[in-house]
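Look for chain A in each of the two complexes below; its partner is chain B in the first and chain C in the second.
Presenting the complex of A and B:
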């Protein structure tokens, strides 16, 4: 890794810039921060695949591209398979000696939103990880189908309003809990799995570097605050993400070899989840008296999850 | 370095094994595959070559056919030779990615062992999957027997990978009747076969980091139309390369392939047009009828299903002697005339003689198509010719149990 220091954010943010600022993502969207951070944390060549979604439609509209590296998009569900097909081709051509520069270091990375990762592309991700390809999959988890206007996904938390799980006089929004995809990917036996957040940019960069350096399939879930569908001011993306990590709604941790869990961020002052929920329009209805039980349920789930993560970290199993 | 596979001058192979040997000889870089009846032995055969050192490339066993074609697209964009095999439901599952592969102009070879589409579930051969692919933007070449199932994939790599073409190619063979029927096959030696196929020369590859490429961009109403028109033009221009490759193959092997195969059409009064292994049945029936009853029957078989050889079909049917033509579709037409009927009729409309055109649906789900049935249909065409008009429904079903099924009658004033 040619980059020696990720302590200086200004230096880091301009290192090895291969993601053009000219793209069509919403102002305040965290996707571009996360993508840029991954691409800046390595000097190796990158082959990147994107599932259909906000990132893809905003960065490769012919005749323009925001990608100053090899990039491919096929469909909604198959970026993991596209990039592992490319990885297989790399291995074959390296063996046969047909690569133009056989010594050039290269990393294979797939990006998907939570729609394509938790839901429609889950099978493709699972298959690619089971096969053991050397690649890193990064989920840009904004907890809804934002590209199509904000429908529920299995990453949408309980109680959130989306256009297909609406809050109304007879509903408090989504009724089901968020799928624990990080645990599922760890259960695949992937050598490195993590949940990272762009406000904790140092741990995020380190996590990305670990994933890229680890041989084999790695999975990283990143919280990507969605100004448009979560409904908060675009200037508050990182503040909102602070609330997500400090309320432990979105704990930051890694799981090595499927079992060794390390918590990467321990808030000094854990805030109540109301502070996080109250900062977003999608949870506004939860503050009505009849929905108070939902906030209590969310807080209880958070407390239990945090206790479980700490127990797992201590147990080293 | 991959080991050479010792081959006899003549081998007894079925269509599946023949296809797997052709794939091995092409020294593919990546095969991403998922097994499905009746094409499974192609994948298994290839797996055996991998396990025993006959292949240097990567063999990626994915979790579905959609992933198989997705992996092929990713691999092809990374600049190497790519192929896979499938049938029926697997073909249907990968159909989304078939369009993406052709739109991205990636030369993948897909061996399709034709099988019926459910429901009802059926593993036997018909052309439902082949027809499903007809608007997908792939070149589709049809093998009628095991020898052709060996020869045509070798040609397919040369065609699809030609830089003037840059399109994916399907090579079809009929499920069971070709894929599981052993016959004498004359293979090439490994070195000769590979020399014919040639080295893969990448275009816009993702592994050339001096020149970053974006594959699979989005276009809306501003550019989508131009991309699709260009893709269509590439398909419509591909016959020049297909003919050239077939000519080279003839020079190498003595085996001649044409985009439209015609049998006994010089003086034919009636003709059958059909695809796949049934072509041999029809040719045998035509020969017998000529000998037994003196009926001048011919057979026309599109070898190249896409791009559809409109001009060559027209030429094949543009005979003053020709009075009646029956197009036989081995796919459920789903509320229309058969696709082959429609396309052949369109070509026949621009002939001088404009023969009478009828349509038979046959062989669905592997229902047998016998020489006797072919003869009966040929004699029926002769009856149309003698009467000067179509004497039956225009669309009929061959070999169907229960009452006769037919649709549309000729208008007579």
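Presenting the complex of A and C:
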């Protein structure tokens, strides 16, 4: 049994964890929820590389490791390069017959934050996907460079306060829109691309399994609520992620072979984006009268994006 | 490549993850490999934590209990074993075996309170208490079922 059953949570919970506690991520950090779930949805051997960021730094505090699988600690930008290098070597050795256990199933995975994925490691990710390696890249998108003190990235949404796009009398925070990396990765022609969220554990587990099973390069963006930089109580990580998916700030969907778009979660009651923004300190300033227009702009962008996703789902283009 | 040796002879059981484990900058080796397990790691995916032969390098053998100021307490009487707490605990600290929730791993729990928030029972089967409070006392004073506000 390579991929484990995910019929329901009870069955899922019989899996043995391969991501260990006493890592140093903040209490309530969603990074570890996402990583744990990926590692729990398969029994296959895993070869994982992490870009530098909160995940890498907090799970490999020398002389400790929180990883029960092969795991490569690498530079900020090149987890995709490192893990696809390992994949190429694995294939070559399989061909030569020099593997100890050639029949053991192995999956290659890279984790990166949004800073390393959307910005600084983008070229490395793009290259690895273009070369067509058999691997899965998971971006832990907390919309800022959290590990170095919360600088803005191209994943930071418009209006958010960050340490390098500060809100104050002269500015309402970041002025630019978030980059649509999911569309960019789908445009590479990758066989499986998705945006997933840990509050929707089932669609997330299924998406991870699909990506691991699909031959070729797969890309998954995950919303990873960051209690420290988004400024909310650690106990509310899942509640906040509910607000993210139910306001459609983070729609949950997949794109197969670059064109077949499937929406994986349709909220029964779509909530106003205000409810999501109001639950986080990084957007507090937007509720001042002079910044109301930014909230309206965000809501308009969300509505347009949701309409576009639904049209794409229908049109299969 | 060499195997990190800072903890190789350290067998004193669960350790606080902190300053006393640090090594000097000149002791950190380049290209270090840290084995997560003693001996062959094949098949660990089929083993529960208590069956595994963790190496001292594995953070499982360390504790972050001192991070906590509040802690979750588990009340078995009300629990429906839904496993919400298991899937969302960010610190691998909900111990579930054979579809049953068994309790909290207080060596690794950081007291974030996520498990309490996602627990669906009424009253909740997990509640946060001061770290200093005894679990027995916490259980003795467990709240009654809350009536839905009309």
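Just so it is clear, the second predicted complex is superposed on the first by the 307 of 317 C-alpha atoms of A that agree within 3 Å, B and C clash if a C-alpha of one lies under 4 Å from a C-alpha of the other, contacts with A are read in each partner's own complex, and residues count from 1 in each chain.
The rule we apply is simple: a residue touches a chain if its C-beta (ideal position, glycine included) is under 8 Å from a C-beta of that chain, and two chains touch if they have at least 3 such contacts.
No experiment lies behind these values; they were computed from the predicted model shown.
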Combined model on chain A where chain B meets chain C, clash or fit: clash
Partner chain in contact with A:67 - chain B first, chain C second, else both or neither: both
Contacts of A:20 with chain B and chain C, given as first, second, both or neither: second
Touching partner for A:124 - first (chain B), second (chain C), both, neither: first
Which superposed partner A:28 touches (first chain B, second chain C, both, neither): second
Touched partner set for A:98, first chain B, second chain C, both or neither: first
Clash with chain C (superposed arrangement) - responsible stretch of chain B out of 59-67, 221-229 or 257-265: 221-229
Footprint overlap on chain A, comparing chain B with chain C: 60-63, 65, 67-69, 101
Touching residues (chain side chain C, partner chain A) in the complex: 4, 6-7, 17, 21, 23, 28, 32, 34, 36-37, 41-42, 44-49, 57-60, 62-64, 67, 81-84, 86-93, 96-99, 105, 107-114, 116-118, 128
Residues of chain A touching chain B in the complex: 45, 47, 49, 56-57, 60-63, 65, 67-75, 77-78, 81-86, 88-93, 95-96, 98-101, 104, 106, 123-124, 126-127, 130-131
Chain A - residues contacting chain C, complex: 9-14, 16-25, 27-33, 36-37, 43, 59-69, 101, 198, 201, 233-239
Of chain B, residues touching chain A in the complex: 29-30, 32, 56-58, 60-64, 66-67, 70-80, 82, 96-97, 100, 104, 200, 206-210, 212-220, 223, 227
